[in-house]
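The following blocks contain the structures, represented as structure tokens.
The two complexes that follow have chain A in common; it is paired with chain B in the first and with chain C in the second.
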Partner chain A sequence: MDILVYGIINSISLALVALGFALVYGISRLPNFAHGALYVVAGFLTWSLARAAGINYLLSMLCAMLLTGIMGAMIYRFLLIRVRGMAISEIIASYAMGLAILEGLRWWGFKGMTYTLPPFVEGSIMVLGVPVDYHRLLVVVIGAGVVLVLWLFTHQSRIGLALRGMAQDERAALMLGIDSDFMALLAMGFGSMLAALSAVLLLPLGNIVVEEGYNILILAIAVCIVGGLGSWMGAVLAAFLIGFAQIITVVYLGSHFQMVVAILAIIITLILKPSGLFGKQKELEERV
Partner chain B sequence: MKLAKLLTVAFLTAVALFAFCFPATAASGKPIVLGCPLSTAFLYGWDAERGIKLAVEEINAAGGVDVGGQKRPFKVEVMDTRDLEPGVPVSEALLVVEKLILEKNADFIMGGPVRSEAALAAMDLLSKYKKVSIVTTGVLTPKYHARVGKNYDKYKYCFRITGEAKWMVGGEIIPCLLGIGKKFNLNRLFIMIQDVAHARAGGKIIAKIMAKKGWNVLGQEIYPTGTSDFSMGLLKARRKKAQVILIWMDMPQTSILLKQWYDLKIPALPFGSIISAAEQPGFWKATEGKGEYCLANVVNAGNAPCEATPWTMKFYNAYTKRWGIEPEGYGTSSSYMAPYVLKAAIERAGSLDPEAVIKALEQTDMMGVYGRIRFDPKTHQVIPSLYPKKGAVGTIFQWQAGKRVVVFPKSIAMGEIKLPPWMMK
Partner chain C sequence: MAEQRRKERIDRGIKVRADSIYALMSLKEISYLTLPRLILIVGFLLLPILMPSAYWQRVISITCIYALLALSFDFLAHYVGLVSLGGAFFIGVGAYIAAVGNTSLGLPIYLTIPLATLGGGLICTLLLLPCLPLRGVYFAIVTLMYPLAMARIIEALDIFGGTDGIMGVASFPVWWIEQYFVILALLGFLFGMRRLVNEDIGLVFRAVKDNDQAVRASGINITYYKALAVFIASAMGCLGGACLTHIYMWAGISQFALDFSILPIAATVIGGGGTLAGPVLGCLILVPISELLRAFGTLRIVFYAAVLMGFVVFRSEGLMVYGERKYHQFERWVKV
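Our next item is the complex of A and B:
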């Protein structure tokens, strides 16, 4: 039962972490390697507003998400737009930005274990005979809600349809009057807000440390590669695959191998099915 | 005009007389450079930096170091080794040690590298450049002093003024665990360790010894540096009905472990052989009190309030006043003592010559913050003891009602060990 309960929790946490990355890549074909840094920034922003400035916790989280979204959009507007279309340059530029943000935070003194966020609800409950804290249950509920809202947004709203149009065929979208750069900017903003949302949901379970930015990036990339770059529904499925694989590994092999699962998943996918489960880059497979 | 000249002469004479009669107390000679390779973004780096700087400020304010009749100040040069980061970047730490020696012209190396793997690798560099080094923080591996013992001529430059895993386990952790077992009738142990040299070695030895002592060792979980979710390991401990969880991790994420331990109400006492987050005074606030009852080993006395020697609380208060925070990690008091020990050795040697300083360091015998400080002349390891009058004494404390209460060894204990209420059922 441990595997089932914590497998679901871990999978939804992974999906939350990866959705932002998948959304940005799916729409604008931009691999946002600053994703982990934005996750950490959102954590520190929430901490600064809630703990240091004494602003209401919920309001702090909303402000942090908004500010992180704006930050992501600015990164696109002032940096990534200049290298758009040059895959390697996009990776280098976004990774460099992420590195600068994370190391900048460390340099400014955000180090140690004293940066923590309180859980939304204290206490724990037995689920199928397994103790689970209320906060994790909330993560599951909110995570599932986010996936649903995201689906509705991309299928029902005007902006969502425009974003999907961009994702399907950028040139055709341009002919229909959709501003490609503005949509990419929006995607980066939404993606960053999703990174922030996962941060405010997951960080109360731990503490805010700069190094977490690198872990989050690796996990997001692993989920997106396995799910298929560009497919956010693939990302959700991959999150479940990796999430359960991680928990099974911890139970039967040991915690030591937990991170290996994500890396191994990347390697296996690239060897067997480079485009991932639902990837749209078939040319990758043709090349292989 | 004449009056102006007269006044000028009188003023200059007065200045000269004043300078002659009241020479400056601060040292004015060429500084003795202490190169400190430390992982400054982590507790065991910044606590050591603060400890060394505090001691150096005090020494310099008192006139500096007497080198063959000339007073010279210490100068601290700190460089970030980053060796406590995930992935254990040893090469970067080695580069820093070399930079300190070649670019900063360090006369001595003090502090780190902090991670055992990096410190072991740095021994050859110290030998190559003939630089006397005193390790003051991190580096718990027994291999460090064992290498000095095995190849003295090559590694004689390496000293360690802080505790090491072998003594910590055999002399402190095992007796403390056995005491807990006897007092509360507990004998089921679950081990959670970090995937680094000293923790792996420590966990293995503890498991072996505790099994021999009749305890049930239920399992061992190894976590990569940087892990931020321990819930499955904790559930394993719960399923196996563990009564004590032995933790050996030096990463900040250990506060997450304790938060999760509390949230899941795991009925086992967390015993931190090394648990960096719980060592810090800010831990209580960071975990909102969820870390209460956690035991933590801070290796040397003086890193938590106690009366081990008359110097202990004097240091404790001076540190708190200087840095606005109490001593934090396990490398604090030892890092503070190192400049004092080196000063005494240089003064005995009368020069900065490495060979002379090594001999003088081997003769060290002073009552410090954490007891009597002496080095084993063959291995250059500080001699430990359970009694401050006999040697360097360690400290295990427990978080009780927001305070770090020293509970082991008995000679310096300030309180008794308690169990969390959900273990009493």
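Our next item is the complex of A and C:
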């Protein structure tokens, strides 16, 4: 029962973390290696607004999400747009960006165990005989909601359809009058907002530390690679796969192995089937 | 409408002459060809003597190790088309082999370094063998994950000293052996690689980068050549790792850290990819600056990440390509 309940919680958290990465890559083919940095930035922004500036908690969370979204969009607009299409340069530039942000934050003084956010609601409840605190339940509910809303957004709204059109065929989308640069900007903005959303949901469960940025990046990449880069359904499914695998290894082997599972999942998936479970890439584009 | 002009680049006369048999015509042509190389070689050999303190001599050794790594990155990325973001993997494997060989097996330093170089190259090649068919982003991501995986596995299984690392590794007997060993290794590899990429085998490497399907169609086993290239590159990295272990007398998880992956890439981007000498130049600039900034803590990582970003985005040709152009060609404005 422990495994089932915490597996589901862990899986939903992973899905939340990975959706932003999957969104950006799915739409603009841009591997956003600054994802983890944006996640941590959102956490520290919320902390600064709520704790240091004393603004209402909910309001500061929304502000942090908005600011992170704008930040992501600016990163795209002023930096990444210039190297768009050169995959390796994209990776190096965005990774360097993330590194600069994370280490900058560390230098600025955001380190140690002092930065925490309060959970939304205190207390816990028994679910299937396992004690689960309300906050984790809330994460599951909101996470499932986000996946649903994202699905509706990309399948029903005009912008969502335009984004999907660009993901499927950028040239055809351009021909139909969809401004691909603007859409990629939007995607990067939304992706960063999703990173921020997962940050404000998940960070109250632990401390806000800079190292978390690197772990989040690895987890996001793991989920997206296993699910297939560019496939959102695949990402959600892969989140469950990795989520349960992590919980099972933690129960039977110890918590040291949590990240090993994610990293090995990346390596093994790339070796066996680089397009992942639901990837749409053609075989020859990824391996010889 | 304003008069339109454009920049025209023409080879200098001396370059045209020095390209052919006329290179031997006069001292001027000969020195045009050899002076840049001589400056590099003599400069490197003089560096340890010119350094004011033992600390800065140590910095020179570290610079050379980073330069070896940058050289291997440049070779793999720009001559074979395998962009490996896992320089730390090579360093780490070399470091651990040297440390284990020295402390557990009791091998002397002049055996551990060759052992780490060849054995480490072999191990890295074998581990990376399944990933060789991958292209572009996929290979980059998978190589980025290798050092992280190694570090976490060592941490989780608590092997090779776990998080403490292996201590008590023998150091180089005298400081100048340490210095000149890494410097000569770097110079040897630098000029060796420059020659290698212009041999027949280098031609195959570059063909694999440009169009692997065509190479395959001509009946050449591309996996073999890719593996060979990875072996050469990882042996360089492992040599660096082994030297690092013997210099610090310690091997630990931090040798799989991202520093070793990102700084050589930054150096390559700054120095100019595909020139082989460029990455060495980049390291000569970046590592000492990063040392100077050590007082500012992690700000130095911010610094080189920012430099890397700036060069990737705005000046992707790099210093060496720029310098070569200025050396070989002159520019003038002409009317369109």
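In this text, the second predicted complex is superposed on the first by the 284 of 288 C-alpha atoms of A that agree within 3 Å, B and C clash if a C-alpha of one lies under 4 Å from a C-alpha of the other, contacts with A are read in each partner's own complex, and residues count from 1 in each chain.
Note that in this section a residue touches a chain if its C-beta (ideal position, glycine included) is under 8 Å from a C-beta of that chain, and two chains touch if they have at least 3 such contacts.
It should be emphasised that the depicted structure is a prediction, and the values quoted were computed from it without experimental measurement.
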>> Output check: A:6 vs chain B and chain C. Expected answer is one of first, second, both, neither. What do you get?
In response: first
> Touching A:106, do we find chain B (first), chain C (second), both, or neither?
Replying inline: both
> Given the touch rule stated above, what does A:250 touch, chain B (first), chain C (second), both, or neither?
Replying inline: first
> Should A:259 be classified as contacting the first partner (chain B), the second (chain C), both, or neither?
Replying inline: both
> Now for A:155: first (chain B), second (chain C), both, or neither, which partner does it touch?
Replying inline: neither
> With the two structures laid over each other on chain A, which partner does A:206 touch: chain B (first), chain C (second), both, or neither?
Replying inline: first
> Can you list the residues of chain A that touch chain B in one structure and chain C in the other?
Replying inline: 106, 214, 254, 256, 259
> Touching chain B in the complex: which residues of chain A?
Replying inline: 2, 6, 10, 106, 111-116, 118-119, 122-124, 130-131, 133, 135, 205-207, 209-212, 214-215, 247, 250-251, 254-256, 258-259
>> Looking at the complex, which residues from chain B come into contact with chain A?
In response: 41-43, 46, 85-86, 195, 221-224, 226-233, 235-236, 238-239, 252-256, 259-260, 263-265, 276-277, 280, 282-283, 285-288
>> Using the touch definition from the top, list the residues of chain A that touch chain C in their complex.
In response: 31, 79-80, 82-83, 87-89, 91-93, 95-97, 99-100, 103-104, 106-107, 214, 218, 221, 225, 254, 256-257, 259-260, 263-264, 266-267, 270-271, 274, 285-288
> Which residues, counting only chain C, touch chain A once they are in their complex?
Replying inline: 77, 83, 85, 130-131, 133-138, 140-142, 145-146, 148-149, 152-153, 155-156, 212-213, 216, 222, 258, 262, 265-266, 269, 296-299, 301-302, 305-306, 308-309, 312-314, 316
